[in-house]
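Given below, in the form of structure tokens, are the structures.
Two complexes, one shared chain (chain A), two partners (chain B, chain C).
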Partner chain A sequence: MLKAAINTDIFKESIDVMAAMVTECRMHISPGGFSTRAVDTANVAMVSLELSAGAFSSFDATESDIGLDINKMKNIVAMMEKDDTLSLDLPEGGHKIEMSFSGYKYSIALLDVNTVRKDPNPPTINLPGKVVISGSVLYNSIKAAALVSDKIAFGIDPEKGIFYMEADGDMDHIYYELPKDDLVSFVPAEARSLFSLDYLKDLGRVMSKSDQVEIHIGMDHPVKFAFSIADGKGNVEYLLAPRIEAD
Partner chain B sequence: MKANLCIECKGRRFCGLAECPITKRFYAGLKTKVSKEYMGQSPSVFIGSRNYPSVSGGPLMVGESDNPEHWVRKNYSIDDIVDIRAGTIRGNSQFTGKQPLPDSHLQEIALSKTPLDVEVAFVKPVSFDLRFDGILAPVGLSGYIEKLDVIDNASVPVVVDKITSDTDLKANNAVIELYKSGIDHHYITQLLTSGQLGVNRHIVPTRWGITAVDDTISNALKKEVIKNPQVTGITMLTAFLHANRIICILFPGEFRFEMIEIWNKGSMWGGGMEDTIIADSEGEKRKANYSPISGAYYSARLAVLEYLRSIRRSASVLVVRQVSQDYWAPLGTWVIREASRKAMDSSPISFEDNTAVEREVTELLGSEKWKEYSRLLLDMKTQKKLSDFF
Partner chain C sequence: MGVAIRDLISDYKTPVEWGELRGPAAVDGNNALYQFLTTIRQPDGTPLMDREGRVTSHLSGIFFRVISFLENDIKPVFVFDGAPPDFKSETLEVRRERKAVAETAYRQAVAVGDTASAFRHARAATKVDETIISGAKELLGYMGVPCIDAESEGEAQAAYMVMNGDVRYSISQDYDSLLFGAPRLVRNLTVSRKRKVRGRTITVSPEEILLSDVLEGKGITREELVEIGILVGTDFNSGVKGVGAKTALKIVKSGKFIEALGEKDPGFDPQPVKDFFLSPPVVTDYSLSWSHVDREGVISYLCSRHDFSEDRVNSVLERIGVKGGQKTLDSWF
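Coming up: the complex of A and B.
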């Protein structure tokens, strides 16, 4: 059972977080709020989203899992006005969720939970290096790299005390570094990993709206981006597997 | 001239020359047939794309079906098909604006499942006007129409009648409905081209209609296929049709489609010095821009998706099309659709790993140059998965 109301901007932001990676997900509803974890079909990237009950203007729920068609949600969200209120209503054991906003009352069929991929195990990896930068700086560097290449390296040089991003195209090269004084937070450790810009462009667009994005990196290991949404009442983590250099 | 310009252009004169130097070669071999009248069958309607929205088009006139699936069933050679098409007359009238065909006779020809008998008077005797462009099947003769009479009544299957009468059904949904009801690609293209599908009905140049039908059906199939479980092993399927070799490799993985097109040196658009290769690919998202491989990409993708749907699986797919010197006349993008369908019908050969299948493909193609064009192979080698870490 779910009966809740939420600001449309927060709901839209949450859907965008998921849509950057997956087309459907299992959403766990509990008295504490919403949570979900999903991997993309290529098993290269993972998203986890937690939206606490505090992110909603009113929230009353019992434990249940629903299958959400993210593509469909994206289309509906596009109909919503900014800074409006969205009411969600799901009866106990219901297969349709009622979504009401600006006079519209949608009754949306949910996906059968059993047809949606099971939650992946939570990651258990150690990423020693950490920096915190603004989402817009991060997204700009991704866009800059995409002009010359289809992959980007993130790295930390602990001796120089810098965080850097670097991309190599067939002919061109781009390098961008941030000294630790320009970073919100800096945990130095020898780190450098290469990532596909195809994925990062989609994730970067979402992260660009965040003031602070934590980047956790290691040596040829996945990268973890962590940031908050909904004024800190929601937490997002993206995990992206690295590429290795071609021989 | 840029080495691969001819491959992208295929007779559309991107080079700026007054006449395409490659298509010009074919005028020589054609048999003359000059007449001011035509009495016989008209199997379909053709709409040109030049100068759209002011276009010319009309009935095609030839004494047999011009459905490529029919040519394949009859086992026609390239020479047979070029002979048929060289003797085919395109009757022309001018059409303006984005509207349905104003002539009900033409609508009827397109609507009919079987060729209709027509009587046509031309303004002047028909003349040579052979154009090859890679997507369309060539047509040899053309003439401006003075008068067109249709003698037969159109024979229309119930489902076609129903869908063409439904003016609330959007064109893309109409195409999908027709396809799911078993109507073939050529017939659907006829209905779309003649402006008999959709809400805002208008003429669609045949060239665009062919690719639009390929693309519309593929997008619908793709939505189903990406949800299917992935194939478990590496398999290769191959076929050969009209000097086009199609090699299709299915890899376990999320849905991806990549096509590599190799025009062997000395082939029609391939130039003289060395093989010309282009590649294009897409992932699960809807393809955003028109493929540089042009119509062939969409036709091959359709055949692959039809197959994946039939086996209820998804896969990362790599298709290689190799065009040899023997492909002396471009017959249209249907060659790729039918060659790919033929490949998907062949018995799959299994391989242990990527190295083994790559070696086999290189042997078939006679060169390993294709490999460096593949994003998919590179990604499989370099992109780690999360499961490699925990």
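Coming up: the complex of A and C.
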């Protein structure tokens, strides 16, 4: 059972977080809020979202799992006005969720949870380097790299005390560094990994709205981006597997 | 193969876009393999083969079709036939004999260089055997697609899964799915948008048939649809000579099913066939679980073992975001 109301901007932001990576997910509903973890079809990236009950203006729920069609949700949130209220109503054991906003009352069929890919286990991963930068700076660097290449390296040079991003195209090259004083936070460790810009462009667009994005990196390891939404009442983590560096 | 009720169904076929077909779907596995094996051939009828002479037409068909499904957010589950019912044995024996004849005719046509005949006979001689099915299952495994072995007929199992709400529709070219009760049947989900019909290549596009539309439109029950099928002939009985779908509809609607059958084929008891269509044996304790595409597994199976072009396979995998040089998260879970 779920009976809740939420600001449409927060709901839209949450759907955008998921839509950057997957087209459907298993959403776990509990008295504490919403949570989900999903990997993309190629098993290259993972998203984890937690939206606490405090992110809602009202929230009453019992434990249940629902299958959400993220594509469908994306189309519906496009209909929502800014800063409006969305009411969610799902009866116990129901297969349709009622979504009401701006006079519209949608009854949306849920996916059978058994047909949605199971949540991946939390990964066991040690990423020693960490920087915190603004989402817009991160997204701009992703866009800049995408002009010359389809992949980007993130790295930390602990001796120089810098975080850098670097991309190589067939003919062109781009390099961008941020000294530790320009970073919100800096945990130095030898780190460098290469990532696909196809993924990062989608993730970067979502992260660009965040004031602070934690970037956790290692040597040829996945990168983890962590940031909050809904005024800190929601937490997001993206994990992206590295590409193999060419010789 | 299948049941010839196209004349009754044609008014209820609705064009459907790939984009409208998102979600889980049950694929009639044997039907799909048969299509691949009959169509993916060289002009003289020779199937695609690897260096060791093993047939790979079906692997090519599965690979490209599943990629198309995944590109369109369709989550397929392949359902393969289990043991046929006893009363199918006559049909199977007839098929075996026809295929043996076609096989001989194929070899003769090849020997004399008659390409057109060779192609035709090769298609007619096509068999979906255990080697073909196990190869298909192995590839589907690497592609993260679940497979289910039906208790008996795959179409019956697929229909059950649609009725049970586990998948949204059944994919098959055969109309038997409707007799087995599939509420929604989707046809023509081919990659090439082309299909060979009676030797001619025609352009086809996906279409769906809702069982409820057919039954309401014709004013019949599913049981009566099965009776119509029995009159025109199914995989389990030869039907009444000279009775097509429209005549069968008239017979059934006038309540003369038993009478007509008794006149033309007095020795045939339709009840077991009817019962089989209306309550076929199915597996109910299956579980559906889709996984990611295992790029290394696909490349190793198709390219290293069966001589597919690695560049070609890679470029197709890239369409669903599976890229060379890209690690997956597997190593960290």
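Heads up, the rule we're going with is that the second predicted complex is superposed on the first by the 246 of 247 C-alpha atoms of A that agree within 3 Å, B and C clash if a C-alpha of one lies under 4 Å from a C-alpha of the other, contacts with A are read in each partner's own complex, and residues count from 1 in each chain.
Convention: a residue touches a chain if its C-beta (ideal position, glycine included) is under 8 Å from a C-beta of that chain, and two chains touch if they have at least 3 such contacts.
Because the structure is a prediction, the values reported are computed rather than measured.
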{"item": "Superposed partners chain B and chain C on chain A - clash or fit", "value": "clash"}
{"item": "Which of chain B and chain C A:N43 touches, first, second, both or neither", "value": "both"}
{"item": "Which superposed partner A:K118 touches (first chain B, second chain C, both, neither)", "value": "second"}
{"item": "Dominant toucher of chain A (residue count), chain B or chain C", "value": "C"}
{"item": "Offending stretch of chain C which, after superposing on A, collides with chain B (from 167-175, 185-193, 239-247 or 257-265)", "value": "185-193"}
{"item": "Residues of chain A at both interfaces, chain B in one complex, chain C in the other", "value": "23, 39-46, 120-121, 123-125, 196, 198, 221-222, 239, 241-244, 246"}
{"item": "In the complex with chain A, residue positions of chain C that touch it", "value": "22-24, 70, 73, 75, 144, 165-167, 287-293, 295, 320-323, 325-333"}
{"item": "Complex contacts: residues of chain A adjacent to chain B", "value": "23, 39-46, 120-121, 123-125, 196, 198, 221-222, 239, 241-246"}
{"item": "Chain B - residues contacting chain A, complex", "value": "226, 253-255, 283-284, 314, 378-379, 381-390"}
{"item": "Chain C-facing residues of chain A, complex", "value": "23, 39-46, 69, 71, 111-112, 114-115, 117-118, 120-121, 123-125, 196, 198, 221-222, 239, 241-244, 246"}
